[in-house]
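In what comes next, chain A is part of two complexes: it sits with chain B in the first one and with chain C in the second one.
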Partner chain A sequence: MTQTPAISIHEDYLALVRRRRLYGGILLVVFVALMASGFNLADARNAGSFRNGFTQIFDFPADVIGEASGKLNQLPAHFLRFFPALVETINIAAVSTLIGASGAVVMSLFATRGLALWPRAIPLFRRVMDFTRAMPEIVVALVLIYVLGGGPVPAMIAIAFHTIGALGKLFSEVNENASLKPVEGVRSVGASWVQTMWLGILPQVLPNFLSYTLLRFEINIRASAILGFVGAGGIGYELKNAISWGQGKYDEAAAIFILLFLAIVFFDQMSSVLRNRLTQGGRS
Partner chain B sequence: MLRLDNVTKRFGKNTAVQKASFVVDKPMMIGIIGRSGAGKSTLLRMLNRLTDASAGEITFEGLNVTSLRGAAKRNWQSQCAMIFQQFNLVSRMDVVSNVLHGTLNRRSTFSTMFNLYPDEDIRRAIDILARLGIAEHAPKRAEALSGGQQQRVAIARALMQDPKIILADEPIASLDPMNAQVVMDTLRRIQDEDGRLIIANLHTLDTARRYCDRVIGMRDGRIVFDGSPQQLTTGVARDIYGAGAEFSEAATSTSIETLETSREELLHEAEAAV
Partner chain C sequence: MTDAAAPLYDQTARLFARKRLIAFGLPALVLIYLTYVFFSFGVPGLLERARWDNGRTLVSDAFSYKTHVTRDNRSGKVVVAIEGERKGTYPAGRSPDWVTTDGTATRIDLGHGQTAIFLPGKKVILELPDFGKIEAQYANRRVETSLGAKLPDWVSLSKSRLSIELEGARLTLTRNKTEVFRYFPGWELFFFTLNSPYYGHGPLEIFFGPRIDPTRSNIIGAWHDFWNNAMWRHSDVAWALFETVLMAFLGTFGAAIVALPFAFIAAKNFSPLIALRFTARRLFDFLRGVDGLIWTILLSRAFGPGPLTGSLAILFTDTGTFGKMFSEALENVDDKQIEGVRSTGANAAQSYRFGVIPQIMPVLLSQVLYYLESNTRSATIIGAITGGGIGLLLTQAMITQKDWEEVTYYIVLIVLMVMAMDTFSGWLRNKLINGGGGRR
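Then we have the complex of A and B:
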C-alpha cells in the first residue's frame, strides 16, 4: 500500500498499453490494406467501373418513382389486383415456417448435448442442419421447380428446408441453456424420452422458440417474395414482370413495393407485440 | 454552494421525491438516511441528472442544474461524480481503463473507441489507484476483483473526474463489514484531504453517525430530518424509519429492508414504465 511499488506499476502498465496499441495499429493497417486491395480486385472484375457507375445508382429508382407518380390514380387499383398475390406469398412463408419450425424443434432436441436420445449421433444431426442451412433456398427451389413444375409447393419446400437448419441451430442453443432439474425430476419417475422432452424441456424453452420463429417468419416472407422471381408464384412473380426494363409498368412495380413494405411492417409490429406478451406474460 | 428548491419526482401515480429542499454552503460529508423506497436514490440521480426532476430546481454555484441540456448537461455530470451500490464498472475491461472512463467527457469519441488515452492521464489513474491502495491490480479485469476492491475502483473513477461533488448511492450496501469500513474511510479521507462535497445514501444509522458532518432523513419521499449527527436520537430515527417503540438501534438495515422491498419493487416498476 506504499507509493514505492507504484513506479514500476506505472511503467509496466504503460508498456502494456503501448504493446496493445501496436497490435491494434498493425491489425488496423492490415484491415485497411485488405479492404483496399479487395475493392480494387472487385472493381477490376466488374463490367463497368465503380467510380463511373456510382453516380448513376439512383437513375433506376428515379425512373420508377417518376413513372409511378405520373399514374398515381391507378395505384389503388393495382393494390387490389396484387393483393391476392401477396396473400399467396405470405401463405408460402407461413406454411414453410410452420413445417420448418416443427422440424427444427425435433432436430434441435437430437442435437443438444445432455438431452439427445442418441448422444453419439449429435454430430450427425448437426451436420444435417449445417447442410440444410448452407443450401440457398433459391437453388433448392430451382431444382424442385424443374422436377415438380412451377408453383407455390416447390417454394414452400425450399424455404422449409432452409428454416429447419436455421432455426434448429438457434433452438439447440436455447436448449443448452435450459435447466436440467425438471428433466431429472421427470426422468426420475420413469418417463420415456419423448415424455421427458415434452414436460421437462419444452415448457421452459417454448417462449424463446416462438420468438425466434416469428423472426424467421418475417425473413421467410422476403424469401418467398424472392422465389417468385424464379417461377414459384406469388408477388415476386408479379414484381419480376412489372420491373423488367422498358415495359412502362413501373407504376405496378411501385404498388408491389409498397404492398411488400406494408406487409413486412405489419408482421414486424405484430410479432413484436406477440413476443413482448410472451416474455412478459411468462413472468407475471 | 448547492441549493435544492422543492425538487419533486413523480413516476406515474407514485411520487418518489416530494418537494425536497435543502442548502449546502460549504464542502462536507452529508449522509442521507431512510428506508428503501424513501426516495434517496432518486434524489441523488436527479442531482447527477441521470433522472430528470418533474418539478423544482437544483442550483450549484449559481448554475441552474435542472435546466441543462446536451453538452452542458454532460459537462455537469463530469463535475458531479457518482458511485453506485453495484459499482457499475465495465467488468470486462481492465482496472485502469475503468478509472480512465472518468475522463470521457473531455475525450473525443474517436480516441475512446481506440482506447487512446494520454500517458499523463494513465499515470494519474495509477496514482489514484495507489492512493486507494489497489495499484497492484491495475492490469486486471475489473470482474476479477472483490466487491470492496471494485468499489474502490469506482471511487478512483470518480476521483479521475476531479469532481466538485461526489454522490454515493448506497456505496457499502453490497459489501461485507470489513470492506464497508475501508470504503467509508476512503470517502471520509477524500473529504478531509481534497475538500470535496460528498453526499452519500446510507442504510445504517451508525455509519451516518460515525462518518457524516450532517444527516438528512427521508421518509416516503419527504425530507423529515436535517441536522447534525448528534441531533439524530433514537426517537428521531424511529420517525425516519416509521418504526414503533420496538425499534432499536440494534435492528439491522436488512431487517428493515425486507419489510419494504415490496414498496420499492412497485416504485421500480413505475420507473420502468415511464
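Then we have the complex of A and C:
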C-alpha cells in the first residue's frame, strides 16, 4: 500500500515518456510527409523536372567556365570594367544601411517601453516597423523604378525602407535590456529627451547596434546585387545583360560571378571580424 | 602637487582632443561619403527625369478604376467596358445607368455635371457646367472643334487627335473611335465579373436570398464564380501565394536537414580530422558566398522556372548559413551532459541523441524558424527573378503598366503573407522552446 504512490509515479512517468515519444514520432512522420509531398508538388509545378534537370545542373557552369577559360587573358580587363558596377552595388548597400540604421535607431527608441517620448504611440511605431519589415525590397524597388526610372536610387530607397523595420526590431530588443539607471541620472539633472537618449542610452547600446548593422550591411550587399538584376543598376544589372546575351558573353558573366563572390566573402569575413572585436571589446 | 597632476591633465586633454576629433570627424566623413554618393548616383538628374505623372497614375489607379465608353466610328457600335478589357465588357443592353442610348446618339453622364454626347458622323458634344458647350468632329481628314484657336490647357489638339482632360474623366476623339473614361473609386469586379449572375448582388442576398442561378445553389455558384474570376484570378493568386510559402518551407527545412550532419563534421569538438573540418567549412563559405542570386540563375538553367528552382536556390544558400550557425552552436555544447550520458553506458549514437541534441535543439530551431520568415520574403524575390509564385504575378502585373490595382492587391497580400509567416514562426518558436517547461 505504501509503495503504490512510487509505482504510480514510475508508471506515470513511463506513460508520459511513451506519449511524448509517440507525439514526437507522429510529428516527425508528418514533417517527413510534408517535405516529400512538398518537393513532389514543387517538382510537378516546375517547368523542368528534377530528374531531367539534375543531369544538366553542371551544363551551364561548364559552358561558362569553358568559355571563360578560353578567354582567360581578357578576364583582368573584365574585372576592371565591372569594378565600378561592383562599387555601385556596395555603395547602394552602404548608403541604405546608413539611412536604414539611423531611421531604425530613432524608430526603436520611439517603440521601446520606458524610453519612448510618447508612450501612447508605441504600438503605432511597432506596427510601422512590422510593415516596413514585411515589405520585400523588390516590391518597393519595382514601384519606384516605374516612377523614378532605373538606377541605384530606387534600390537604395527600397533597401533602406526594409532595413528600418528589420533593424528597428532588433534595436528595440537591445533597448529593452538597457539599464535605466543612467537615464534616471541624466534626467535628474534636467536633460531633454534627446539628451537623455544621447547620453543615457546610446553609449550602452551602441556596440550591439553596430554589430547588428554590420550584419545587415552584409545582407544588404546581397539584396542590392539582386535588385540590380531587376533593373536597379550595379553589378546585378551587368550580370543580367551578360547572361541574357547568352553564349559569347559568358566570359563577362564569369568575371561578374567571381567579383560578386569575392566581394560577398570579403565583406562577410570583415564584418564577422569587426563584430567579434565589438562584442569582445564590450566584455573586457 | 601641480607637478604630480600635470601628466594627468595632459592625458585628459589628449583624451578630450581625441573624442572631439571623433565627434566631429565621423559625421564629417559620413557627410562627405553621402555627398559623393549623391552625385555618383546622379540624384540631381534623377529628379528631372522622374516621371511624376507615372506616379500619379499609379496612385490613382491603385484605388480607383475607369470605365471606358468607346464608339467605333466605322461601325457606329458603342461598347462599355471596365478598364477597356474584354473581360470587363458590359453585355449589350445592360449598360450602366450613366450611359443612355437615344436612337443613334449616346448620352454619357460623366459626373460633376459634365455630359458627353456621341453622335453619328464622328461627332461629339461636351456640356461642361462652368465652360459651356464644346463641339468636336472628325471631318475633312482632321479634327475640328468649336474652341477656336486659343485652347485651354486641359485640351490637347493635333490634326488627327483631340484629347480633353475632365474632372474624373477624359475624352479622346480620333478618326477610328470616340472614347471617354470615367473614374470610379474602388476595385471593380473584385468578387464577380459581369458575366456572372451574382454580379451586383450583396452577401445577404447570396447567403440567405432565393436562388439567383436556378441550376446551382447560391453559395456553391458564388464561390465558383469568385474563385474563377477572370479579372482578378483569385485561384491563381492563391496558388501563387502557396507556391511562395512552399518555396520558403522546403528551402529552409531542407537546408536545415542537409546542414546538420555537415555541421557535426565542421565542429571542432566532434570532428577529429582537421582536413575534413576545413573542407566542410569552406563548403559552407562557398555555398553562402555564391549567394541566392547566382544559385537562382544557375538552377533555373537546369530546372527551368518554377517553385522547385526557388526551393533549391534557398536550400543551397541556407545550407551554408545554417552549417556555419549549427557548427558554432555545436562548439558551444556543454561536455558534461555528454559525459553524463556516456557514463550510463550509452553508445555514440545514444550520447548524441540524449547528450547533444537536447542542448542544441532550441538554438537550432529558433534560428531555422527565424529564417523561415525571412525566406518567405526571399522566395518572393526569387520568384520574381526565376518565375514562380507571387513574385512572378507581381512582375507580370507591373510590366503591363496599367493593372496597378492588381499590383496593389498583390502587395497587400505579400505583406500579409510575410506578417502571417512571422507570427506563425514566432508562435511555433515559443511553443517548441518554452512549451516544454517554463511558460504555460
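In this text, the second predicted complex is superposed on the first by the 267 of 284 C-alpha atoms of A that agree within 3 Å, B and C clash if a C-alpha of one lies under 4 Å from a C-alpha of the other, contacts with A are read in each partner's own complex, and residues count from 1 in each chain.
Rule of thumb we're sticking to: a residue touches a chain if its C-beta (ideal position, glycine included) is under 8 Å from a C-beta of that chain, and two chains touch if they have at least 3 such contacts.
The shown structure was predicted, so the numbers you read here are calculated from the model rather than taken from an experiment.
Between chain B and chain C, it is C that contacts the larger number of residues in chain A. Contacts of A:Leu142 after superposition on the shared chain: chain C is touched, whereas chain B is not.
In the superposition on chain A, A:Gly53 makes contact with chain C only, not with chain B.
Of the two partner chains placed around the shared chain by superposition, chain C is the only one that A:Glu88 touches, whereas chain B remains out of contact. In the superposition on chain A, contact of A:Val17 is made with chain B only, not with chain C. By the touch criterion defined above, A:Asp268 reaches chain C but does not reach chain B. In the overlay built on the shared chain, the residue A:Ile9 is in contact with chain B alone; chain C does not reach it. Across the complex, chain A meets chain B through its residues 1, 3, 5-6, 9-10, 12-14, 16-17, 20-21, 24.
Listing the residues of chain B that touch chain A in their complex gives 96, 114-117, 119, 122-123, 126-127, 130, 133, 135-136, 138-139. Only residues 31, 34-35, 38-39, 41-43, 45-50, 53-54, 56-57, 59-61, 88, 91, 94-95, 98, 130-131, 133-139, 142-143, 146-149, 151-153, 156, 222, 225-226, 229-230, 236, 239, 243, 257, 260-261, 264-265, 268 of chain A touch chain C when the two sit together in their complex.
Against chain A, the residues of chain C that register as touching in their complex are 30, 33-34, 37, 40-43, 46, 49-52, 54-55, 58, 243, 246-247, 249-250, 253-254, 257, 285, 288-294, 297-299, 301-309, 311, 377, 380-381, 384-385, 387-388, 391, 394-395, 398, 401, 407, 411, 414-415, 418-419, 422.
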